[in-house]
Every structure is written in C-alpha cells, then in structure tokens.
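Labels run A, B and C following the written order; every chain starts at residue 1.
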Amino acid sequence: MSSPLKHWKAALFRHETILLAVLLAEWFYFDSVGRRFGTLDNTFDILRHSSEIGLLALVMTPIMLTGGIDLSVGSLLGLCAILFGKLWRDAHFSPGLAAACTLGIGAIAGGLNAGLITRLRLPPLIVTLGTYSLFRGLAEAITHGVDTFTDFPASFLALGQERLGGLPTQAWFFFAVAIAIWLLVHRTTFGRALRAIGYAPEGARYAGLPVERRLASAYILAGVVAALAAIIYTARLGQAKADAGTGYELFAITAVVLGGTSIFGGAGTVHGTLLGVATIAVLSNGLVHARQPREVAGMLTGALLLFALASGEISKRLAKFRARRHAPNPAVPVPAPHSQ
Amino acid sequence: MLGKYFRELSVAAVLVVLLLVLAIAAPAFFDAQPLFSRLARDTPTLVAACGMTLVILCRQIDISIGSQFAVCGVCAGMLAAGKAPVFVVCGAPLLIGAALGAINGALVAGLRLPSIVVTLATMVIAREGLRWAQQGAFINLPDGLQWFGLAQRSGQCALIAFALLLLAAMAWAMRHLAGGRFVYAVGSDAEAARLAGLRPQLTTFLVFVLMGALTGLAALMNLAQSPQVDPKSGTGLELKAIAAAVVGGVAVSGGRGRLWGVFAGVLLLACINPALTYLHVEAYWEKAIQGAIILLAVVADGMRSRKAREA
Amino acid sequence: MKQFLPFFLLLGLALGPGCQKQSEQSDSAGGKKLTIALMPKSKGNAYFISCKAGADEAVKEVGADLIFDGPTEPDPAKQNEIVENWITLGVDVIAVACENKEGISTALKKAKAKGIKIVTFDSDANPDARDFFVNQATPEGIAEALMDEAARLTGEEGEFAIITASLTAANMNEWRKHIEARLHEKYPKMKLVDTKPCDDLKDKAQTEATNLLSANPNLKLIMAICSPAVPGAAEAVKQAGKTGAVKVIGLGLPSENRKYVHEGVTQSVILWKTTDLGYLTIKVAADLAGGKLKPGDTVYHAGRLGDLEVKGDSIILGKPFIFNNENIDQFDF
C-alpha cells in the first residue's frame, strides 16, 4: 500500500502551493502599499534583476537533488565575467565569440568541481568552498583587482538592457533555461537518476545508474549556466569586474530551499525553485516600494526561509504521524525521515 | 603512529616548510613585536575554529558565526561604553553567543532542519539586524579596557596563553570526557549512537550552544585588543574557521578529526597573508592561494581514502 | 491546517509596519512635495551616515520627501538595481555616490531619459549620465592633498605604504592612480613600497599595518585611504612602539581618530565637512528639480553655505580639510 508514499507526495505538493500563496499574498500586499508596484515596468524590473540569480538557482536545483551543493557559482560568475571582458577587449574577439568561449570556460570550471567530487569522492560542500575562494581569487589575480572592462558595443548591451518582443531580452534566455532544466529534471531519465542518486547513492549504483557521469554532468551544467549568467550580468551592468556576483550563491541556495528542495537530496522541483526565486525577488522589490530599508528585506528573507523549513518539517512529521495511525500493522514499515 | 596521524602531520610539515622559507627569505617575519601582535590577533580565529571543529565532527556546519561575533562584540562594546562593570562586559558576549547558538541548535537538533540552511538564515538575520541598528558606527571603548588593563606585551601573552590552554583543555576533553566521545560517536553514526543510548539531538544542540559561546569569547578576545569596536568585525570568520578545520584534517562527513590538526590549519592559513607581505608578493594572490590550499588539503584526503578503498 | 499558521504570522509581520507606513506615505505625483532619492555607496557606513545628517537638515529646509537607501551587499550591480527601482517608483531627483562609474551610468542614463534629474556626489558617474556633480574635491584634489601631506611629514623622501579598502573599489583605485602620478611627478625621492587591502575592516587594517611595519623596516609613513583603516593603522603603529617614527595619515572621520590624533600617533586626518556635503547635495537636487539651478550657471547660492562656484557641471564644496591635533575637537562627526 502506498499510503505513506501518498502522504509524502502530498506534503511536497502542499509546499509549493503554500509558497504560491505566500507569493500572491506578497504581490497583493505590495500592490496595495506601493503606487507603482503592480505596473508592467516594475514587473520587468523584477525580471531583469533576478535573471542571473534565477539562472544560478535553476542550475543549483539538479545539484541539490543529488544531495550535493555548489558554493562556487557566484565566484565563477565573477571569473567568467572578467574573462569575457578580457577576451573581448584584449584578444579582440567579437562579443559572440567571446561569449561562446566563456561558456566553454564555465564548463571547464564546472568540470574541475565535477572531477574532484566524482573522481575523488570528495564532499561537494568542501570542494566548492575551495573553488569559491579559488575562482574569486583567480578573478582578482587576473585583473590585479583593479582592471574592469567597459564600453561594450550597444548591440551586446541590448542583451541586458533592452527589450525583445515585449519582454526584457534576458528574460527569454531565463525562460528558455528554466524550461530546459524543468524538462531535464522532471521528464528525462537523467532527472530521475539525479533524484535517485540523492535519495540513495549506493542504491542507485547497485541499480546500474552511471552515478559519476550524472553527477559530473550536473556540475558541468552549473558551470555553463554560471557563465551565461555572467554574460547577462555584464550586459545588464555594462561593466565586468572581479567582484561580480559576490554573494549570489547564498541567494540561489535560499531560493532552492525555499522552493521545497531538500538539502539532503532526493526531493525537490524546478517549479518550486522558480517560485522561490520569485518570492525573494518580489519581496526585495516590494519592500523598496513600501519605503522600507534594505536591511528589512534581508531579515524577512532569512525569517521566511526558516519558516519554510520549519513548516516543511512539521508537515512531514504530521504526515508520518498520520501514516502510523492509518497503518498500525507492524508488517507495514513506516519510512524513516530521510537524513544523512 | 605516523600513519594514524599522517593527515595532521602533513599540515604541520607544510607549515614548517613555509616558516623555513620565511626564515631564509624574510627573517623579519620572526621579529618579536609583530609576531606577538599577529599571534594575539589570530587567537579569536583559533577559538572559533575549535568550536567549528566540534560542529563539523557532529556532521553539521555553522556559517553564522561571523554575524554572531559582530553582535557579541557590539553588545559588549556598548556595555563597556555604558560603564558596565568588567565582569558584565566579559560575561555578556559569552551569554549572547550561547543564546544565538541555542537558536541554531534548537532548529537543527530539535526540528532536524539542515544546519547549512538554518545557519545561513540566522547569519543573514543577525547581520542585517545589526547593520540596521548600528549603521556602521564604531564604538569607542573606555580607556583601561584594552588588554584588560595589562601592559601590551603581557596582554598579548595572556591572550595567546589563554587560547592555547583552551585548545589543550578541549583536546583533552574530546579524548577523555564522555561528552567529547559522544561528539565523535554522533558524528560517525547518529543512529548507532542513539541505539547505544546516547542522545544525538541533545549532543548536537549543546555543540551549537558551545559554538556560540566560543564565538562570544572570541569576540571578547578581539575587543580586548583595541580601543574601538568595528561592527563589521568578524566578517569572513566562518570561512576562516571552516577552512582551518578542513585543512587541519577534520572530515566533513563527521566523526574524524583532531584539534591539534586544526591548530596547525589555523597557523598555516594565518601565515599566508603576512607571508605575502614579507615576501613582497602582490596582495591579489591571497584568495587564490587560500582556495588552492583548501583544495589541496581536500584532494589529499580524497586520494588517501581512495587508496584505502581500493586496498 | 497548522502549517499555514507560520505563513500567516509572517504576513502579519510584513503587514504591521506597512500599515503604519501607509499613513505617512505622501503622493508626490499629485501633490507638490518633491521626492529626492539619496543613495550612499553602501549602507552601514559611518561616513555616509554623517552625510545624511546634513541631508536631513536640507530636506527639512526645502520641504521635500527623502528616500535614503543603498546596497547592503558588495555586489556591484546592487546600486543599479536600486536606481531602476526608483525609476519605477517615479522619484523626482536621484542623488547618488557612485561605486562603479561605468556600471552606474547605465542605470542613470535610463533615469535621465525618463526625465528624472540626476545629481552625483562624493564620486562621479560618466558626465553624460548626470546633470550635476557635487564635488567636495576632485579625485585629483584628494590625492594631491594626501600625497602633499605625506611628503610634508616625511621631508619628501622615504618609503611609505598605502592601505586601501579592496582592490576592486573604484574610487580608491582612482585616488591611487592620482597619488602615484603625483608621487612620480613631484616627489621622486619617495617610494611607495606596498598597497594592501583591508576589506573595509579595521581589524584587518591593523594586521596589515603590523606586517607592513615589520616587513619594511625603513617605512616612514602609512597612508590609509579607507576610513576604517586609519584607526586600524594607528593602533598597529602604537602597538609596534613606533609612534612618531612612522607617521599615519588618511581619509577618515574625526570621531574615529580623535584619540590617536591627540596621542600623536596619527598626524593628519583629511576629509571634508561631510554634513555640508550632504546638505549641499540635497539643496542642489531640490533646486535642480525646481528649475532654480540650470546648466550654464556659474554661481550657485547654496543656502547656509553661501555662494559656491559652479565649474561647468561640477559644484565645488571646497578643498579637502585637514584635521589635526589643533582643530579636531571642534568637530563631532
């Protein structure tokens, strides 16, 4: 009987619905308080400001589904941004060629993480903590800290600042990546493999899944998407600096966890992550319209994260309690809460 | 014995090599006054790293200690500036730190929430809350508080000796006290520990409380070294403590690690920055070198356990 | 249903302060009140808080609404995002201290295109992205003041070192560029031996200064160009027992350095009247929006500051002010 499994699924489903309710509540509240909040211009602002972090959160989701984490994506954004600038300014590549090379560099950097994690079976937290310092350090070393890259051609800047077909240009890339990653995670065997690896790595191995290959792909993908985010960031700002993207990895993790992905792996959805990104972005933007200081946005985001976690845990326990009540027969095992 | 302590000894070996290089290329590194100054200034990091070791041994992590440090420092500073008695100024940061640690511990141990996300949230809340309240203003401390009234050199020696005593006491406690063994047990296998009659949740909770108290102590030790409190102090402390622990051989998967390895890790990482200055290397290499050392340490760990697996 | 409870609590938390705010919020589109948006380089910086004190004074005088907001994170894009939010909000004037000259110009140009008046203060953007620049001193002026003071104190020869905030801080890099230019041009017998970042932390500045003193035994002066670094370097010099032998100068607030100046550890603290800077910025913002200040003016009457020179599109507050043992007690910011 799949009664405990049904309860498990139901709990997860409720998480995204609750998050959606919070998002809508935020929206209606800020719309009533802020005169210009509900306008199209502001919505586009929100889209523009959250594209890069959104991309990082999207690509963090498959990684966290496997029970891993990648703390280096923000630093990689900075490194890719300055390398992009360098290729364009000093090597005289066209923006398109420089962008393509940057995506390749992102893949290589992601490959470094992937190699250390899959080959040497090192814990992702510590490996990416090391590359977090290493990538940022390389960015600072290459630019000597002081070099910045500016004066990009207007056609390139249009990527970050203009509109295309009614939406901000980068939004198209964001949506494309969002759809691609959603399909990857929810509709392919690749995604199912990731989930299995997160839920029970040894079991997945015995089941014949190519665990190392799947993990490596997830981290390399993160590198490529971080590079894409770097290019969009540079276009939006009109400038590439070594400290670009500082702190973005924490935002990304917050959004993913808020969206219901378990940090232990095995459970989570891409649409949850998107809701998480939207919730944080709307909160941050709305508080400006509500004339609240920026620090309040940070504190409320932290509080929201704790509430989301706590309520998720409490609902899981309620489900387990209910399951035990419905199946008092000791022959029916109740699944233990999944923990490391 | 060499094999058992290989990890910690290798860190110590790297440290010794670095010190030899400095002794040859930049002997000024060992001048008494700056050396004591540097060691005294690194004692808060050592204290924090000791606490972080316990947290990591329990298979948890705490990235909020930087903000805790700042809050404790500012509170102690405000008490001191408000002419509170010395024992209040000394006791308050420990209590406040313990309270903040208790919040983390309650959420992690009580509600079984993942520590990285809980401490991420508490870090942000504490940091933004402090910034909102303090707005970056320095707090000028009354005279006589610096070095707790001792002369500068005595004060520095006192702080260094205190930190070393604390390290030794904790190392001894980890080995010989039941509580210390519990931490290792809970970190290796919480379920087995529970079945053996230990209480992993209580142990985890107390570890976070202790981490908070040690952070408060670190803030106090920092406060005693200067006539002003910078509300931004403590930024990056969690990274330093975690890096020192990891480099010093503490396993993130829990259950393995020795405090004196962490000591070597703290010293090694603390030497990089001054080494760059004394060897006249450009400052912008610091982060890259730090990241490389962390990765090398972790790779060394990985290769060793890979060999063990294949054996 | 119990799991909904925490979320309703959160909503209550968010609604609470908001309901209070609603009554205070004024409608600037329909009413006559001007909305001026002021942005420091980052919040939680005592220097900009003292600017705001002057700004608050001016806001009361001109009867406008002030929004004060700035980045709390180090990411360079944050200033742009706030400006873009203000464009949507429909403020009348934006006054900003620019962290990244080229980066912020992207957003400011958009604001200008929407008819919002743009004033920069403390650090400039690209000239075509703003209407006026309230200039307390040019980067060249600041650098010259620092370098000349350093030369005066060391007898125009000897080694010195710089402590800056971070290697990526745009305005500090601008100052360093001009300091080195002035050094090569006028003081060939002086040598800059090292430049160290302190990440805007007093403790780190102290550690860096300690190392610099020991690694460079012939060091004669430390120039701390980021404000937490001035007391940090002073404490390092004091603890090294080199008070007087190694001079300390820098850009900082009088209140943070008073003790060290009196003890003779720090010789000069260079700054300007930050409250005046904030006051002037708001006055310029208000008069720009109100049409009293136009491009092409050569003189600007700035309230209690009297008549100030307008050089092209820069309004000059005055030269950098040198705080030293004689005068530092007269100021309390």
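Points to keep in mind about this one:
Here, a contact is a pair of C-beta atoms (placed from the backbone, for glycine too) under 8 Å apart; a residue touches a chain by one contact, two chains touch by 3 or more.
Fair warning: this is a prediction, and the values are worked out from it, not measured in the lab.
Viewed as a network of touching protein chains, the structure reduces to a complete graph with every chain in contact with every other. For the pairs B-C and A-C, the larger set of C-beta contacts lies at A-C. Inter-chain centre distance (subunit A to subunit B, centres taken as mean C-alpha positions): 29 Å.
Averaging Cα coordinates per chain places subunit B and subunit C 33 Å apart. One inter-chain figure worth recording: subunit A and subunit C are separated by 34 Å, centre to centre, where each centre is the mean of the chain's CA atoms. For subunit A, the set of residues touching two or more other chains reads 140, 143-145, 293, 295-296, 298, 303, 310, 314.
Across the assembly, subunit C contributes 43, 72, 167, 197 as residues in contact with two or more other chains. In subunit B, the residues touching two or more other chains are 128, 131, 283-284. By the touch criterion stated above, subunit A contacts subunit B in their complex at residues 69, 116, 120-123, 125-127, 129-138, 140-141, 143-145, 250, 253-254, 257, 262-264, 293, 295-296, 298-299, 301-303, 305-306, 309-310, 313-314, 337, 339-340. Considering their complex, residues 43-46, 49, 72, 167, 194-197, 199-203, 206-208, 210-215, 217, 228, 231, 235-236, 239-241, 255-256, 259 of subunit C touch subunit B. Of all residues in subunit C, those touching subunit A in their complex are 2-4, 6-7, 9-11, 13-15, 17-18, 21-22, 25, 27, 29, 43, 67, 69-77, 80-82, 84-90, 100, 102-103, 105-106, 110, 166-168, 170, 173, 197.
Per the touch definition, subunit B reaches subunit C in the complex via residues 26, 28-29, 31, 33-34, 37-38, 41, 128, 131, 134-138, 140, 152, 222, 226-228, 230-233, 235-236, 273-274, 277-278, 280, 283-284. Put simply, subunit B touches subunit A in their complex at residues 59, 61, 107, 111-114, 116-118, 120-125, 127-129, 131-132, 190, 239, 242-243, 246, 252-253, 282-292, 294-295, 298-299, 301-303, 305-306.
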